[in-house]
Amino acid sequence: MSEIKKFMFVNRKAPYGTIYALESLEVVLITAAFDQDVSLVFLDDGVFQLKKGQQTKGIEIKNFSPTYRALEGYDVEKLYVMKESMEARGLTEDDLLVPVTVLTGAEMGALMDEQDVVLSF
Amino acid sequence: MLHIVNKSPLENSSLESCLNVATSGDVLLIEDAVYAATTGNGFEPKLLAAMGKVKVYVLQPDLDARGMGDRLVAGVTSVDYSGFVDLTTTNNTCQSWL
Amino acid sequence: MKFGIVVNEGPYQHQSSDSAYLFAKAAIAKGHEVWRVFFYHDGVNNSSALTEPPQDDRHIVNRWSKLAEEHNVDLVVCVAAALRRGIKDENLAKGFRISGLGQLVEAGTKTDRLVTFGD
Amino acid sequence: MSEIKKFMFVNRKAPYGTIYALESLEVVLITAAFDQDVSLVFLDDGVFQLKKGQQTKGIEIKNFSPTYRALEGYDVEKLYVMKESMEARGLTEDDLLVPVTVLTGAEMGALMDEQDVVLSF
Amino acid sequence: MKFGIVVNEGPYQHQSSDSAYLFAKAAIAKGHEVWRVFFYHDGVNNSSALTEPPQDDRHIVNRWSKLAEEHNVDLVVCVAAALRRGIKDENLAKGFRISGLGQLVEAGTKTDRLVTFGD
Amino acid sequence: MLHIVNKSPLENSSLESCLNVATSGDVLLIEDAVYAATTGNGFEPKLLAAMGKVKVYVLQPDLDARGMGDRLVAGVTSVDYSGFVDLTTTNNTCQSWL
């Protein structure tokens, strides 16, 4: 693919309750492999995807959270978390698996406006 | 950009999230989100407040299906599927608040 | 304009597939091109050839097949999502093809607009 | 089936956006056909199922709301709507397709406690 | 006690099927009987014999089949919901049977407890 | 009776509806609803208020899966799947707030 576009992945759902977080991550990896400009944003319950210490043995579902740590290796480095969403869930940056940039809702809206393609699952 | 919302605001927080993030542009309510644009629903005050910064549209076929065609909040613009397509072309991108 | 459409939910359970179809039809009616519809997550269930709704109900699967045939729409079903949900070539409806997620990325790069329908 | 039990069907979802309302109605009819004691309750967005004037031609989905009017013919006569849910949606009893009994949340909770089987879709 | 279980969502997309399975297993481990699991709405997709998840993932369909075989659990798939979603005898996994909604009513009348899992 | 809730209270109104209707009995939080029982979440005050009339349980495996095992709100009782089964037997009926 010759064109390079700005892809934003909007993650708004908690992990495990539904498969969206996992299957979204699969798209992110492929999009990065196609050398596109990838941003991931986490807002609402999506911030829970990045919570440290996930232990899924008791629900017999694979823990896919280590993949977030591996994103850097795929040159996916733009990770944004919405401040208000994090605060409403009693979370701080220290609770998250990876370093992120924290944005306010308005800043996130502005960032969204700059994209070529916005994908939401 | 165009923000598309498809969930009832009385059951799900996605419209509220959308309105917190969208600082400008168009918001289109489809499927169960159309209830947000009906008079007397609990979310109406929040929708009216947001109408200062975004323009709100509602998909008329979804409103009609739900028997709500005659109680559209004033200031909300009704579109059919053809108008929905137009909104995706006049805006550069669209985000679905699923 | 050239459109890509993403469908994330199966037929009947959620309205998303209906909305996506009516949007595609309206876009075509206005002279736009619907270049590809990508079926992801439970959306892959839109392609089951075994689907048999009640006679007085719309046939969501056949409706997609017909759209593909009449307007040359590329209906792509994500292979990983499809295997997880029991969609294979042997039960794949006419007009659909199974392929990888790269086809979704391509739908993002090669079209003017990508519109997602889901839950 | 010899046993008769008190079945309650809890309807909490709007029509058309999802299929639950329609498929729930199919279970209600069968349960009545098996001569069980059937109650239907409508709360939260479920009250929208009973809204008069549904016109579904534009979304190409069958309008199943006339079935609520037919329930009486199947001896399904206990229909309850939650007051707070109706009010939060700007609806009154006049907006509904069928006569219902209006209950407060607490009254609905008490009614739920009396059932043998509670089904929610 | 005698349990009935209702599953309203398909495998993988929602956790409901996993929760239902782990509940059934725990009930059996405690000496209860799981008399019937009724699959309704998208829940019928739990019975697709063509399902093939990644190797490192749980196989939700086979897990149900095995539970049925080992503990004599009656796995019933609603026929109307199944036809709408492309589940028929030809792609039905081992241990499942397709039948009518009366089987759900019966699960309500004949068991001590009916527990529903869904979205 | 036993009320089973499986949705995040920050996204969906089902837990709030449940707590408005349930005047007594047990409430079990499973799947994404377990977030309601974690300290510092926005729904915590409403959960604490409800604990005067209902007893609240949370499914520990779901809490652990989400990395929230160490931040349970005081007064909420944690159960495993075996305890979930017990709750369905000690109560006469159960309602799932889907």
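The chains carry the letters A, B, C, D, E and F, assigned in the order they are written, with residues numbered from 1 in each.
Everything that follows uses one rule, which is that a contact is a pair of C-beta atoms (placed from the backbone, for glycine too) under 8 Å apart; a residue touches a chain by one contact, two chains touch by 3 or more.
In this text the structure is predicted, and so the values were computed from the model without any measurement.
Asker: Please identify each chain that touches subunit D as well as subunit E.
Answerer: C, F
Asker: Which chain maximises the distance between its CA centroid and that of subunit F?
Answerer: Measuring from the centre of subunit F, the most distant chain centre belongs to C.
Asker: Using mean Cα positions as chain centres, tell me which chain lies farthest from subunit B.
Answerer: That would be chain E.
Asker: On a C-alpha centroid basis, what's the spacing between subunit A and subunit C, in Å?
Answerer: 25
Asker: State, to the nearest whole Å, the distance from the C-alpha centre of subunit B to the C-alpha centre of subunit D.
Answerer: Centre separation, subunit B to subunit D: 27 Å.
Asker: Report the inter-chain centroid distance for subunit B and subunit F in whole angstrom, where each centroid is the mean of the CA atoms.
Answerer: From the centre of subunit B to the centre of subunit F is 32 Å.
Asker: When you check subunit E against every other chain, which residues touch at least two of them?
Answerer: Each of 8, 12-13, 15, 19, 22, 41, 57, 80, 114, 116, 118-119 in subunit E touches at least two other chains.
Asker: So which bits of subunit F are touching at least two other chains?
Answerer: 6, 10-11, 13-14, 31-32, 61, 80, 93-94, 96, 98 - these are the residues of subunit F that touch more than one other chain.
Asker: Which positions in subunit D are in touch with at least two other chains?
Answerer: 16-20, 44, 59, 61, 116-118, 120-121
Asker: Name the touching chain pairs, please: which are they?
Answerer: A-B, A-C, A-E, A-F, B-C, B-D, B-F, C-D, C-E, D-E, D-F, E-F
Asker: Which of the residues in subunit B come into contact with subunit D in the complex?
Answerer: 6-8, 10-11, 31-32, 35, 38-42, 44, 60-62, 64-71, 80
Asker: Show which residues of subunit F lie in contact with subunit E when the two form their complex.
Answerer: 4, 6, 30-32, 61, 80-82, 84-86, 88-89, 93-94, 96, 98
Asker: Which residues of subunit E touch subunit A in the complex?
Answerer: 12-15, 18-19, 22, 56-58, 119
Asker: Quick check: in the complex, which residue numbers of subunit D touch subunit B?
Answerer: Answer in residue numbers: 13-18, 44-45, 48, 51-59, 61, 63, 65, 88-91.
Asker: Note which residues of subunit D are touching subunit F in the complex, please.
Answerer: That would be residues 10, 12, 20, 43-44, 82, 84, 105-106, 108-110, 112-113, 115-118, 120-121 of subunit D.
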